[in-house]
Amino acid sequence: MTRARLEAFSDGVLAVAITLLVLDLHVDPHGKQSLATQLVAEWPSFAAYLVSFLVIGVIWVNHHALIQRANHVDRLLLFYNLLLLLFVTSVPFTTSTLAGYLAVENAQDLRVAVLLYGASMTGMAIAFTLLFARVSRFEASEGQVWSPARIRSIVRFGIGTILYPVVALIGLISAPLMLAIYGALSIYYMFNQTGVAGERAGGGD
Amino acid sequence: MTRARLEAFSDGVLAVAITLLVLDLHVDPHGKQSLATQLVAEWPSFAAYLVSFLVIGVIWVNHHALIQRANHVDRLLLFYNLLLLLFVTSVPFTTSTLAGYLAVENAQDLRVAVLLYGASMTGMAIAFTLLFARVSRFEASEGQVWSPARIRSIVRFGIGTILYPVVALIGLISAPLMLAIYGALSIYYMFNQTGVAGERAGGGD
Amino acid sequence: MTRARLEAFSDGVLAVAITLLVLDLHVDPHGKQSLATQLVAEWPSFAAYLVSFLVIGVIWVNHHALIQRANHVDRLLLFYNLLLLLFVTSVPFTTSTLAGYLAVENAQDLRVAVLLYGASMTGMAIAFTLLFARVSRFEASEGQVWSPARIRSIVRFGIGTILYPVVALIGLISAPLMLAIYGALSIYYMFNQTGVAGERAGGGD
Amino acid sequence: MTRARLEAFSDGVLAVAITLLVLDLHVDPHGKQSLATQLVAEWPSFAAYLVSFLVIGVIWVNHHALIQRANHVDRLLLFYNLLLLLFVTSVPFTTSTLAGYLAVENAQDLRVAVLLYGASMTGMAIAFTLLFARVSRFEASEGQVWSPARIRSIVRFGIGTILYPVVALIGLISAPLMLAIYGALSIYYMFNQTGVAGERAGGGD
């Protein structure tokens, strides 16, 4: 059962990546500042942790809904999936970098950190679109592979993808605003799937 | 199979979070103190490790028993589950913070660490109650969604939830006592489920 | 399917713990010593890493063979399983402590590190025996729960358990010898199961 | 179902190891260099991260395709699988060592780091070949265990194995070239399996 194991491995990577985010949170019991002061000063880490957690969590939700539809798994689909996981595993790094530079407030460096974070978001969105196109490729019956309806569905899905680098550009003006928008986008995609069928058939052993 | 994958991802996060707790344990072979002295001085880390391990372990036991009952999985249920996992992944951080401040013994900072730890416990309890209410929502037949019996069952379940912030308040007086009570609560919920059906139907391939 | 999820969670914890062992391996590119010198000096870390990897790996093999036999899963069995996992998650800590003190060569501290390592090995052996007894309890037909044959089988299994603290005592004389014996014991249990039925029925989807 | 759990545990270890690679990426917000300068200087870490991610990812793809063929799982197969996982878990260590010494550019130490990295690659290739031979052993009908065709298939598979230490030797001349070749080999094995049957039968619950 290729699909079952594709899900198991992807779930594993997503679960480890989402949990590793916490390693960026830490306070210093031997520091001079009180714990309360440290926690307040660490708000960028908490905000970035929350947003990245949501982003990976929602990727899991939609990954699940998408792979459920895959009636065939080939090497190219596995490759796109690895690409998605590559960007997912980069999130703990880009998250901690963004949080670190939000805390030191150097405008130039912060912009680089914002672009780095945006790159991992955009990479995930592109890989997810490739995965979506591949799954929908196998759903299409013969002779309908490049039907207008199918292309429309991929384009519609891909439009969401364009949002991700755009939000990163907004981050050049305000990094906290970027985080807020990525968080809001995740909540939106949590409840509204574009083209990814729901999991009505849930439950059941 | 939505439910199977919900369990696989949740198991992954719970397994990683419970194992990451160990990263807070460490001694310094190049330190001036003997290893025995260091181990004794590190009792707060061991105590916090043990209690947090029990707490996450028992969440796993009850999560399993609860999701087993879910005959339907929708986006809201997935969202509540993500919320639960968010608080679970925060536990290694709040545990190491509590252990760190138990060791330095600054009364003011320790109280903040206690509240932080209590917040992650309370967050898990609230998220678990939301999850419980959602699962029981799908079990209710049409027209019985808000039956007195169902509301009673949620309330009864929710009462346990109130315990968690209360125990945190006790921690303001004595942090070790708080840890002891959270540990005892976990042992209790290990063997006594409130409203979560047992796993009598276990075994079987 | 309680058993399936018990296995999934246990597999997760075992997989994370076995992989976290690697975090104790590290060299310093900016150090004064050549890499070759550092690698040679770090032999205790490599030896401890190898032995602990084998120990956890073999626990996985036998855990799998044991749980396969469990035709019933109750709360007590889940509790014993959690106890086993508690000691498993402690292994990365006790392993790095042992490796650290093997490197600094302080006889007194090394003995404490040896006992700590032996304690986690012994804890796993005791928890595994409890798990074994619980699984065999459900296999026994009514009225045979305390049959001489069953008690003999538990005792025979438990004898292996006594080996683990004994090997730790040998470690008080020579820590490397202790590691060698734990490694050899793991290889032995890899291929010879005491009372845990084989996986002849393997394969199959 | 021995095979299912063999896959679950292996997926877990592979998922944790592939995600732990990210822990080697880090920048210093409080450093004197700009973030852009730090990211450029850290190219060896990024290159090594990418290549090791691909290597482990492709091992997962082929592991899956191989184990799918296993109609029997015995202790020796489990042992070879543990051996494979042992080398997999070493990859985060050998990767970070290689990246570290690529950054400091000490020719002598770099050669040692290259051989260390090559050793973990070669170890994985050897363990995979042993696993391949064991799986094909169970596929052979009685009396055909040492048939010329089967031996040819193992030899053909094993030839790929010889490539891995050879590439490490190339690394003695140029470490970046070695990384490039390992990356290219992974992409090749991603799409071309030698002797490992495809996953045509994918999909399906």
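Think of it as A, B, C and D in the order they're written, each chain with its own count starting at 1.
To be clear about the criterion, contacts are C-beta pairs under 8 Å (C-beta built on N, C-alpha and C of every residue); 3 or more make two chains touch, one makes a residue touch a chain.
Remember, it's a predicted structure, so these values are computed and weren't measured experimentally.
Of all residue numbers seen at the chain A-chain D contact, under half occur in both copies; the interface is built from largely non-matching residues.
Ranked by how far their CA centres sit from the centre of chain B, the chains are topped by D.
The angle of the rotation carrying chain B onto chain C, fitted on C-alpha atoms and rounded to the nearest 5, is 90°. In whole angstrom, the spacing between the mean C-alpha positions of chain A and chain B is 26. Spacing of chain A relative to chain C, judged by their CA centroids, is 36 angstrom. Those residues of chain B in touch with two or more other chains are numbered 1, 8, 11-12, 15-16, 20, 23, 205. Remark: chain D residues 7-8, 11-12, 14-16, 18-23, 25-27, 29-30, 34-36, 39, 50, 53-54, 57, 60-61, 64, 68, 190-191, 198-199, 201-205 touch chain A in the complex. Interface residues of chain A, counted against chain D in their complex, comprise 1-5, 8-9, 11-13, 15-17, 20, 23, 70-76, 78-79, 82, 85-86, 89-90, 92-93, 96-97, 100-101, 103-104, 108-109, 112-113, 116.
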